[in-house]
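Here is the structure we will look at, set down as structure tokens.
Going in written order, the chains are labelled A, B and C, and every chain counts its residues from 1.
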Amino acid sequence: MGELRLMKGNEALAEAAIRAGCDAYFGYPITPQSEVLEYLSREASNRTGMIVLQAESEVASINMIYGAAGAGKRAMTSSSSPGISLMQEGISYIAAAELPCLIVNVNRGGPGLGTIQPSQGDYFQATKGGGHGDYKLIVLAPSSVQEMADFVRLGFDLADKYRNPVMILADGAIGQMMEKVELFEQQPKGGTIPKPWATTGKTKDRERNIITSLHIDPREMEKINLRLQAKYKEIQEKEVRYETFKVEDAEYILTAFGLGARICKKVVELGREKGYKIGLIRPITLFPFPSKIFKEISTKVKGILDVEMNAGQMVEDVRLSVEGKTKVEFYGRMGGIIPTPEEILDYFEKIFLKGE
Amino acid sequence: MAKVKGDIVVDIEKCKGCELCVVACPQGTIALSDKINKKGYHYMVKIKDNCTGCENCALVCPDAVITVYRKSGKKKEKVATISNVQKDMTLEVN
Amino acid sequence: MDESIVRTEEQEFLEEDICVAENLVYKKPKTLTDIDLHYCPGCGHGVVHRLLMEVVEEMDIQDKVIGVAPVGCAVFAYNYMDIDMQEAAHGRATAVATGIIRVLPDKLVFTYQGDGDLAAIGTAETLHTCNRGENILIVFINNAVYGMTSGQMAPTTLPGMVTTTSPFGRDVKTMGYPLKMTDLVAQLPGTYYVTRQAVNNASNVRKTKKAIQKSFQYLQQKKGTCFIEVVSNCPSNWKMTPVEANKFVEEKLIPFYPLGDLKVPKEELK
């Protein structure tokens, strides 16, 4: 058993970054995730020699990640919604240049400056590309402090494996809440996958390495795009992760990710106490989206209720997955409001049982 | 006049005929050819045999098309390597 | 007069073939690839590319150097320099370089940026990188115009200068004043060596090379940020011949952007 600690989500994530062998963190303070930079500033360099730098902006941070990841190191940044918007240009370049790195979004309510309260309003931005051009991030959605820690290591491993940026899409509540967390052992710095493509100085025994996203010849650019799409397809086939809860006999399915899924577990329990056969599907990877499980279950259930802390974003992917074979309803709260289990159950009863 | 004998070799296919070497040459050794290269540029040629190997043409050439040779006296090794480019700056003033 | 030259007079060498290896004094550096440069005839970029690669070859630091290319005409700089390079987003080269040097502190990292990249969209990154004193060389090519997008006004365009977006001349009242980034960064404690050079004639080319050599030596000694502005030309967008353009550099640009060191290492001031 690993070391047990009571930690904030943001701190667990920062601790996990050190333990996952992260070489460098570049970031800029923004609520509700500033603890990550604070924790790393305090802890990291003494323990592993990890580089921690407070940049002048999120724009600079993400481009520092580009440089450090291009140099073959494990690099990460974290921010919250407005800051992640600022990073989108850099993320597009990173995806195009196929640089492995970890980007953490502790989602807060928007649009605009919005609120500092938790939200899931950045689902589209995280899963559909976010910046310009056709690209995908691997998106992991933690729903506990434990997963805030575990997904850092998983995220780095997936990033290195596929040479692709990985995003942890958390929210302000997961970032700020304190829970028990079991920490994994210290991993070697920089991971174990060799990176012969990195710019480390051209030695006589190899050609020069170039990190770029520029391919001016349209045929060449299409080729790059096709290669990226093939990679995303492979990720879609191999890396889907989700959790199911009491779906075996379920007549109705709740679905939610991250914080929403924690609440929905309670809804399932409350509903079952009242005799409703409800189960829960929690997508863990938002890209690749677990379409197959939704498709399979769609013919066995009477309806799916998708619950999110936004105006309805993941629900589009759920609807695409079930291909019209069952009714998919949506319940959401916005602006930093966290829905209660009772109000979700009320809505469930209203929409599915009372036929309103 | 010239105390030093120099010569240049030009990669005419890479020359873009910008003429910067022509104005940089203190001896009036070079000019643009009437002929054109595969790119369609009039390329530089030597029109006089009075090159001193001062390197000015090569230094201002944006396309690195010029190689410069200079025959010097006993201490050949002083100018035989590229690393002595700085050392021979004094040639520019003659 | 150089000693060796006087001596050569005594030799009977006039009939000999001069173009032999032992007489070689100047050759394209091997660290410059054989790919034809895409730049317009007479463009200063080619000269600065070559100088950088000459220094890399002469100092034998090819395995230590990592370059960062900008967005602008020099976006393909990595095609010509036979070293490891990264292509940065517009204006972000110094942030990318920061990322590299922080994780590879023993390497010699330089950025190569134009006036739009460094002095407009990348102003914040440039100033903060210099202010942190990152141990990198910033090569700043100032030709007072946006080249790649074909001749729009740059932050460094001279007052009254005609560009496609200042067709009646740059009116400083509405378009702002030319930004002297080099003067700005010289004020920051993080910079170690700040100089303004040009490549419009052989003498200036030699000085620019000297500045590059010094900078890489300072980087080896981990002295902090070195910043070289190179006042350059843009014959195509200035609508001049290369010879006229270099004359314009001499007569108009250099008086506004005077050449010389703006910040010299303290220990070298005696």
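A few comments on the model shown:
The definition used in the following text is that a residue touches a chain if its C-beta (ideal position, glycine included) is under 8 Å from a C-beta of that chain, and two chains touch if they have at least 3 such contacts.
The structure displayed is predicted, hence computed values, not measured ones.
Chain centres were defined as the mean of their Cα atoms; on that basis the chain farthest from chain A turns out to be B. The chain occupying the central position, as judged from C-alpha centroids, is C.
A straight line joining the Cα centres of chain A and chain C is 42 Å long. Taking the mean of the C-alpha atoms as each chain's centre, chain B and chain C sit 22 Å apart. Computed centre separation for the pair chain A/chain B is 60 angstrom, with centres defined by C-alpha atoms.
Taken together, the chain B residues at the contact with chain C in this complex read 3-7, 9, 14, 16-20, 22-24, 41, 53, 55-56, 58-76, 78-86, 88-92, 94.
Residues 1-11, 13-14, 16, 18-29, 32, 36-37, 39-47, 50, 54, 57-58, 199, 201-203, 205-206, 209-210, 235, 241-243, 246 of chain C are the ones that touch chain B when the two sit in their complex.
Of all residues in chain C, those touching chain A in their complex are 62-66, 68-69, 75-76, 78, 81-89, 92, 95-100, 102-104, 107, 124-125, 128. Residues 23-24, 26, 51, 53, 55-57, 59-61, 63-71, 73, 75, 89-90, 93, 97, 199-204, 208-214 of chain A touch chain C in their complex.
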